[in-house]
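We just call them A, B, C and D in the order they show up, numbering each chain from 1.
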Amino acid sequence: MTVFQAIFLVVAVVTLGGAVMVVTVRNLIHAALWLILSLFGVAVMYGLLSAPFFTVIQVVIYIGAIAILMIFAIMLTRRVAQEPGSSVNKGWWMAGLMSLVLFTALVWMFSTWSGFQTTLPQLPEGIDTIKVLGTALVSPDGYVIPFEIASVLLLAALIGAVVVAWERKT
Amino acid sequence: MISLSYFLVFAAALFCIGLYGVLARKNAIAVLMGIELMLNAVVINLIAFWRFRTPEMIAGQAFGVIVFAVAAAEVAVGLALFIAIFRRRNTIAADEIDLLKW
Amino acid sequence: MLNDWIFIGVFLILAPIFPAAALLIPRLIAPRKPNPLKTETYECGIETYGETRVQFKAQYYIFALVFLIFDIEVVFLYPWAVAFDQLPMFAVLEGVLFILILVAGLLYTWRKGVLEWA
Amino acid sequence: MSDPVNSISEWLRTILSGWGLSEGLITVILAVLGVVILATIVLVVDIMLVWIERKMVARFQDRLGPNRVGPFGIIQPIADVIKLLIKEDILPDGADRFIFNIAPIFALATVLLLWAVVPFAPTIIGADINVAVLYIVAIGSIGTLAIIMAGWASNNKYALLGAFRTVALLIAYEVPMVIALLVPVLLARSMGMQTIVAAQSPWYIFVVPLAALILFVSSIAELGRTPFDISEAESEIVAGFHIEYTGMKFGLFYAGELLHALTVSALIATLFLGGWRGPFVDQVPILGPVYLFIKAFLVYYLIMWVRYSFPRIRIDQMLGFNWKFLTPLALFLLVVVAILDKAMVGVSQVQYVLVMLGANLLIVWGTVIILRTYARVERKRVGEERAVAIAPESDLADLVGQE
């Protein structure tokens, strides 16, 4: 077992453990904190995949913004979070079964694919992926349409969310 | 030596845990957390395929960035909806929000 | 490059250890005599009333929401800035268009009165 | 001439490989050593900051400051640390034990982590990564988390209120900060700290002074210092998110806050004041850290000056200032810098700098004009006679007539 594999396994166990806690723990704030741990593990995964830009934006966007938004929303709907009773609905065992079946099916499907055991190729020398990404995002034969549409989508999300959540003072 | 299989199995596991959260949890915000886990699994897959199959092309990373934007938009609108529902009905348990079924 | 990331990784593991060590010393030498009066929630001497983890107003959420949208849009611009040398003028203008769409969102929230803290 | 840090690390590397250790293991050992040394230096400076800050505030307020323990009271911070160490550690009722304990650790650790990307000399830097600027933002957002954890775990209304106010403030001012950080990235075409420092001829403060100013203001807000100290406003919410913390746990928040101020100063010095650049630094690399710390303390002094000169502003004014003034201004500056930079391909450096500087000053001038007009209108509105407080004319006449 190489060092790389050992690091991968530790990070994977932490991430998946955090994810399991997210979907099982009763207290919603605790769930959000476990979610943050899990998201951080995913960020380290991006680092292992030599995509450092994704590592940092994962932390900036998911932990710094989305998780905080969720904690705010939990605090705003506080009374429900402390309601007694089960935190899962009646069909939880069916959901668990479905997830297990899906997982087995996915792994089985991947294992029949020839590219499943692709080993790590060398990254092309002397190329700054962030530069390439930046160029691709705004070049017409690249991803300029998704780039601008993402901006419009975010604008729409902002307006929509404000319309829905905003309560005019009277 | 590490291979693509590691990351694919990991992402599949993360996706399925997220799916369980979406299907089983009562609280709508917890459901949204499950969706976040699933989206993260998707981005891991995108980056892993980029790294292992086509490191000379940038498509995987560009798609990943777009998924980030979509995830953010989804969370923003989703949570706004929950807050609005909570304000009117005083609950955000997913199985009690059932006005539309008639 | 790899060495730099090893440094960051080691730092991530070691950084919490310094403050944690500082917390360990008082555990060994400081007195520890809790009593109900001492551990009571501190509210300037008045007994605490009702739920402590109170509910907040929606304004906080709205501000966090505007922040989230802006944060993402700005993060998108970082690769654009790094690749600035390779970009022709119209690619720069695409970035500017991106910023202008962002400003439209800001103007909307401003006009709607969302940015007033009231 | 090579610098001593690299010579020592090379020397250690040869010794360790002489023992038959593998290449990777040696790198990890050297990294551990580097981290321990860097963190120790930073923490010692942090302890001294207590003395500097207290002495400085005393001078601002026409007092003497600590002067009993040691010459000029210089051993005072050591006494403070000992005091904090032997204080009882109280866990309030209903607190979330684990989160309560881990929050102060996070608060200091995240500030320490920022030093990993601060370049001290041409060859001395913890980690020269190519996403360093975003790394700073990322670590900063983990610091925000520590505040939420502290506020929530304390089981105290004031703590929760303080934490929420702080977070609303932090995330609001993160937007202009991130935009202002984007300007040097755009000028240097890199997010790596060493590249940005190397690209600074002249220093960026002479090219884009407005970006430096925006970063300075938003950094003060991020630090939660006066005039933005709504998070721990003593007169309103007692102490904010760390109201329930005692002893060394409070000490960690306090140390983290002080160190954060110096760290932010060092980052501003690196991004806009040329970092380790200075005369003879190429010949004698060890001068780099000296220059960096001189510049950092200069910025730190400015932060303190602002802190002890201004009153606290209200939370609505604070958020309004951010969203209606600072953010649009930063976005406008970014657009202007981007277009000008692309339009000036091939002009000489002197022309480039002069045009950029001129554009910046023009924006500042325009902003001041707009602000003055706004202030005039606002003053008029506030100064208007309002009917509520004034008795009707007829009543007055009656009163006069009766006499």
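A few comments on the model shown:
We adopt the following convention: a contact is a pair of C-beta atoms (placed from the backbone, for glycine too) under 8 Å apart; a residue touches a chain by one contact, two chains touch by 3 or more.
Predicted model, so just to flag it, every value in this text is computed and none were measured.
Between A-C and A-D, more C-beta contact pairs join the chains of A-C. The chain with its Cα centroid farthest from the Cα centroid of chain C is B. The distance from the centre of chain A to the centre of chain C, each centre being the mean of the chain's C-alpha atoms, comes to 17 Å. Between the Cα centres of chain A and chain D there is a gap of 29 Å. In whole angstrom, the spacing between the mean C-alpha positions of chain B and chain C is 21.
Separating the CA-averaged centres of chain C and chain D is a span of 14 Å. Of all residues in chain B, those touching 2 or more other chains are 65, 68-69, 72, 75-76, 79-80, 83, 87, listed in ascending order. For chain C, residues touching at least two other chains, in rising order: 5, 53-54, 56, 58, 60-61, 64-69, 71-72, 75-76, 78-79, 81-84, 87, 95, 102, 109, 118.
Multi-chain contact residues of chain D, defined as those touching 2 or more other chains: 129-130, 134-135, 152, 164, 167, 171, 174, 191. Of all possible chain pairs, those that touch are A-B, A-C, A-D, B-C, C-D. Contact residues on chain A toward chain D in their complex (touch as defined above): 3, 29, 33, 36, 52-53, 55-57, 59-60, 63-65, 67-68, 71-72, 75, 128, 130. Of all residues in chain C, only 58, 61, 65, 68-69, 72, 75-76, 79 touch chain B in the complex they form.
Per the touch definition, chain C reaches chain A in the complex via residues 5, 53-58, 60-62, 64-69, 71-73, 75-76, 78-84, 86-87, 91, 94-95, 97-98, 101-102, 104-105, 108-109, 112-114, 118. Residue ranges on chain A touching chain B, taken from their complex, read 2, 4-5, 8, 12, 15-16, 19-20, 22-23, 28, 31-32, 35, 38-39, 42, 45-46, 49-51, 53-54, 57, 61-62, 65-66, 69-70, 73-74, 76-77, 79-81, 83, 86-89, 91-92, 94-96, 98-100, 102-103, 106-107, 110-111, 115-124, 129, 132-133, 136-137, 142-143, 146-147, 150, 153-154, 156-158, 160-162, 164-165, 167.
In the complex of the two chains, the chain C residues touching chain D come out as 1, 3-8, 10-12, 14-16, 18-20, 22-23, 25-27, 29-34, 36, 38-44, 48, 52-54, 56, 60, 63-64, 66-67, 70-71, 74-75, 77-78, 81-85, 87, 89, 92-93, 95-96, 99-100, 102-103, 106, 109-110, 115-118.
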